[in-house]
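In what comes next, chain A is part of two complexes: it sits with chain B in the first one and with chain C in the second one.
Right, the complex of A and B next:
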């Protein structure tokens, strides 16, 4: 088990390295760098000015060299310049001109814990990513809390009597929920539940059932610091519904298969009641397959997060990604890709380990 | 229950009819079926697959699924009609009064639940036992089914046990609340012969100990003879003959029973002088049953206008015997003692030159101890150890052994699917052991071909039969044009006695026996000289087995093929092979002509194997040897002789030689070799296992 986890972590590191290199390569393409120089400097810069702006900041070094700096295995760039007063000003990747000479670090990269500086948000990347990640983490946590139990219950109820009316109803529901993209369901929810003019909010307000104008809030801006049911439920519901249908379908298929297994017949012919057949004999076996799916669902939900965070004005990881990409914010994008890789591979690791615990057949001897 | 002191029959099934309903039609699975099981009695239900015997069992359990329904007749258990019971009442009977033992033990145990919990559940539901009492009871029953270390077993998961142990657990589960009726649905089909023998003995003993009545479902007549008091033969949804074992086996009164007995290889049958008589034609599909007698179209005594009139044929009492009945209009007229009209005797093909020589062949596999998480110690599985033998032209060499003995590994190495670790395989004096199948030339590939065990999986389901054979011809570079190959393909169909129209059919339109014939045609497409037949008939029904074996023999005679017949079924091996090789844990323990191997002196393992095979003949007396324990794992073979852990003769060898030293290969007669430490005197003193009682 130990060696397995270590191998997986090694694999994770390698993947992160490859992926970040690709992102680094893309963001360092010449047109992207020009764009960066113009947005950061001056839109009417001449080509020479762009060149000198880029070379002053170490952007024109060879790509592997630059990547090495980011990782922290190659010394950071330094640049000496004589200003108008005839004084030499030394700038570098790892220090500011004002930093005393003895405090100037030679290396500064991810290995040294330096994640860089966001050119869009004008702040340190690590603090920014951490803050946004925790906001999205909160969102995802509530999503999983709502989505997983709901999906499992729907799937098991549908799968335990395949072909029954209950199965048909629940299956239709789960197909419909998966078939509705978040930007559709989100808009519908806002219109129905969070508008003071349409949907049920004005009616409820008329009846005096709610004190506020709308039942839910269409904006989750405040939920980052202070999440309430009213401002946070709609984004959570929007993401959950989309993912739920898929997991419910998988659970249903797995449950239906288990219910036809011979050991279920054995249990039935032992005189076990239907309820206990489902609860004691079928459930655990039926959960083995969906468990992997649920864990794979987590990184997939990150896609949905981008849309929903925009729709509900929630300042999270998804919005960060979009804004960083728009501004070609190299170091922020790099940090985001590292986090994404770790997230994806971590969920896979958890899914593999959890699988072993659910399925005694592959438990380590 | 108030029926504790009920003393009538335990189970009475009267004129039971069960149908399955599909969108298209109603499919009658069981028709007008009656059987009675008295207290303490064991009744065997015998028939080929699809004859409805398992449906009867599920009907008794009232568990026919969504589509099945009882459409007529009654099933009474201790006088109460099971069909009238509510689900609640049924649940009280299931597992408590009627318990069932299933065909595949692995599939019938919950893989994610510990054995102990699965066992304890039964008394906890039915007797409201406390958990501690239930555990005690489970411990006691597991000891009863003779499993070692019961506490460890109760704490393990099903996959940690071997097949034989799993089946014992299923039996233990059935016995947990001492049921009055035990239904056994092919309980040993998935097990090896020696394990089967042990399980059957256990069931018999426990049946006696607890006084349980049994309904024993099997396709194996020999097994039913060993376990049951009465037998009921089923054909196509109907009981055709029922009576005491002795009456049905010796004074059969139905043509189907007779045909069945003539098609199974009993001692005395011989491929040349007394070939088996296959039942002509095919088993009718449930919705294509003929008018009148279901067996009519395949019956030797068929009478036009009488046997196929539209009237249903009732069961009729036979004069002699106890409750002996037959569903035949003519049984009183047929002369049952008339000797079998001897089928044409066949010339035995002359055995020719050596074509295949195996010298000290070894095949080891390296496996990681832990497949999923990798790492751990690499373990070596010694699948084949020092195999040495030769096979000649037009000879049938049988390779016999239980699962895991290395017989299939040998076939793989010979075919080139694996390469050998050490030693030589000489094909016409050309070493091929290290040439994988991709590197072999067309001639070699065409020369060595295989007929597979399961004809259902080995044909491509989306290609016509003709195309698949032509494809083989293309690969073997036979014929120069499509037309030529097509002609050759039709000839091959003739060779395996399939109608030429079959060329355009899809595999799903064929029955199992027909598919196996296609498999044989494909193997012979490139005029194979060596054919490895890996259990070619074990997946087929008894009546079809005979026809397919005969076909193989006919082709062999014609083509002078060397046939390597891999099988665990000693009856069929005895019937058709010239020489027999017995394998155990990768070693050849005995090799000799069929007569030498089947008569003493034996290797102790061969002796046990012979004793374990059930024989469907009341006049045969067998020496009773039951092997203890399971086959050791090839990953961790015992030191010394591989068979020493289960050998009954071990004490006869002085000095503990068996524990420490691998026995040498000894030639005890011309061409008869044995790998055993037993002295010549001990070997010479062995008695024959199978004796035919004087009539």
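Right, the complex of A and C next:
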């Protein structure tokens, strides 16, 4: 088990390195750098001005060298410039012009704990990412709280008596929910529940059942600091619904398989009631497979999170990704890809380990 | 002219329809609740020795569900048939039903022919044994026919999808077109969008974009996945380790980040999508070349002319696809010379190319993993060992022994994957990536409608519901196919 985890961790490191290099390569392509220079400097810069802006900031160095600086194994760039008064001003990746000479670090990269500076948000990347991650963590937490029990209940009820009416109804529901991407269910929910002109809100307001104009809010902007049922339920529901169907179907398949097993028949023949068979004999064995599915679903949720945060204007990690990508914010994008790749690989690892612990029939040698 | 109502002169039916739907919904809920608590069906033996189950309260409820469901279907059919005959006199629904007449004809024809000959149609025919599969197939067929008819033949649509009409901005469904000529369609059936364009026409024009790109992108992803996944699973070893690593690498990317990195005007300017197209589009050529060569290499007299013809045609299509205006890649700094223009019969729109390539790129690793897993499983079978003993080459075994035996799961996944590709295309449109902002495709329409969602929902809901029904249809179709292929 120990060597297995170490091997997986090594693989993770290699994947993360390759992936960040690809992101670095794509964001450092010439047209992207020009766009960055023009958005940061001004849009009417000439080609020479763009070039000097870029070379002053170390963007024109060879790609592996720049990537080494970001990782922290190559000394950061420095640039000497003579200003109008004849004084030389030294700027660099690791320090400002005002930093005293003896405090200037030679290396500054991820290894030194320096994640860089966001060009879109004008702030340090690590603090920004941490703040946005905690907001998204809250969203994800509520999503899991809603999605997992709902999916397990639907799956177990459907798989308990395969082929029954209940099974057919619930299976149709879960297929429909996997066929509804977040941007579709999100807009439908907003239209039906959060529009003051359409859907049920005007009716409810007419009847005096709700004091406010709409039943739910279509914007979750305030939910970052102050999440209420009214402003936070729709985003949570939207993400949960799309992820739910898949888990429910896996649970159903697993439950249906367990229900045909010999030991269930034995229990039934012994005279154990159906309820007890389901609760005591079937449930535990049926929940092994869904566990791995739930863990593997977490990175999948990340996509939903990006869409929903963008749709509901919730300032979390997903919206950060969109904003960073739009502004070609290189160092922010690098940090985002590191975080997301770690999330993806870690959940895979947990799901593998969890599977071994839950299922005594599997041994990893 | 009066604005249209939803059902026009058929509005007396609305009461019955509402009643039926209401009772149906209540009954379904009751059925779910009772099935949780009700005792299992009791079986009693009649005097003649046969067994019978007593229906009880559960049977009564399920009977009510069936009756109301049939009633709903019947009323919907009345709406449709009356609509086809009466047109806009039967309201907006009638108008739409009449515009869609060619689609109905096509669907009825396909279904009648398929059910008649279903025993001789293989897996496709078996689909018509399962209700779920038939519903799914009907939904998919509807959108395919509607997309092709609207996109290629300009049927169905009532107005040009890009032209704006004065005074029709954000107008509600059924608004008469102001100052319409006699030969023009007199209404905006589903209203106007924020640029005063007809929502109904844009919906079906957009269906064509989806119906065109999604299946082709999925086919290319399958070609890439099969061509790489079979050797990875069959040979194993270093090749497998390397290819699996690359596949996992791509899968570890958040899809939206990947889209933002690939589908921007800046990246298009570097020519990277063209390079990717040049690499990804070559896989079908390799696939068919190896497929035919491995089968016929023992008969050079058949093989040589066959390969020359097939590979020649495929290579021509390949070069025509990847080259535009005589160049394969053309950036500011340099050009790579490609197929000359007089031979180039098809110029792919660069915005469609980049969307296409990125969707293939995202889908291919998953297909690779599925094919690899299937190959790993199937290569231990006896018939593979038999082929090896016969002295067949590895590619023959992979493509003519393993692949045909893996077709069941692959066909099911193909249907699911078209649905997923449709969702991905919508995601691209939703973030305003790739296709132009005036493109009528569903994702882009949802994105533009999103800004006014609190005030006007009518430009937004039709594409959302359409996307939902198409993907739902594909999922149900896959479900039906899975059931029927397991039955063998």
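One rule holds for everything that comes next: the second predicted complex is superposed on the first by the 358 of 365 C-alpha atoms of A that agree within 3 Å, B and C clash if a C-alpha of one lies under 4 Å from a C-alpha of the other, contacts with A are read in each partner's own complex, and residues count from 1 in each chain.
As a convention for this text, a residue touches a chain if its C-beta (ideal position, glycine included) is under 8 Å from a C-beta of that chain, and two chains touch if they have at least 3 such contacts.
All values derive from a computational prediction rather than experimental measurement.
When the two structures are aligned on the shared chain, A:55 is found in touch with neither chain B nor chain C. In the superposition on chain A, A:123 makes contact with neither chain B nor chain C.
In the superposition on chain A, A:35 makes contact with chain C only, while chain B stays out of contact range. Taking chain B and chain C in turn and counting the residues of chain A each one touches, the greater count comes from C. Within the superposed three-chain model, A:169 lies in touch with chain C and out of touch with chain B [touch as defined at top]. Contact with chain B, but none with chain C, is seen for A:267 once the two complexes are overlaid on the shared chain.
Contacts of chain A with chain B, set against its contacts with chain C after fitting on chain A, share not one residue. Contacts from chain B toward chain A in the complex involve residues 61, 63, 66, 91-96, 99-100, 102, 104, 107-113, 121-122, 125-126, 157, 159, 170, 173, 369-370, 372-375.
Against chain A, the residues of chain C that register as touching in their complex are 28, 31-32, 35-36, 40, 62, 65, 245, 248-249, 251-257, 260-262, 264, 266-267, 269-270, 272, 419, 423, 426-427, 430-431, 443, 446, 449-450, 453-455, 457, 460-461, 464-465, 467-468, 471-472, 474-476, 479.
Within the complex formed with chain C, the chain A residues making contact are 14-15, 18-19, 22-23, 26-27, 29-32, 34-35, 157, 161, 164-166, 169-170, 175-176, 178-181, 183-184, 187-188, 190-191, 194-199, 218, 274, 299, 302-303, 306-307, 310-311, 321-322, 325-326, 328, 333, 336-337, 340-341, 344-345.
On the side of chain A, the complex with chain B involves touching residues 1, 3-4, 7, 163, 261-263, 265-273, 280-281, 284-285, 288, 356, 358-365.
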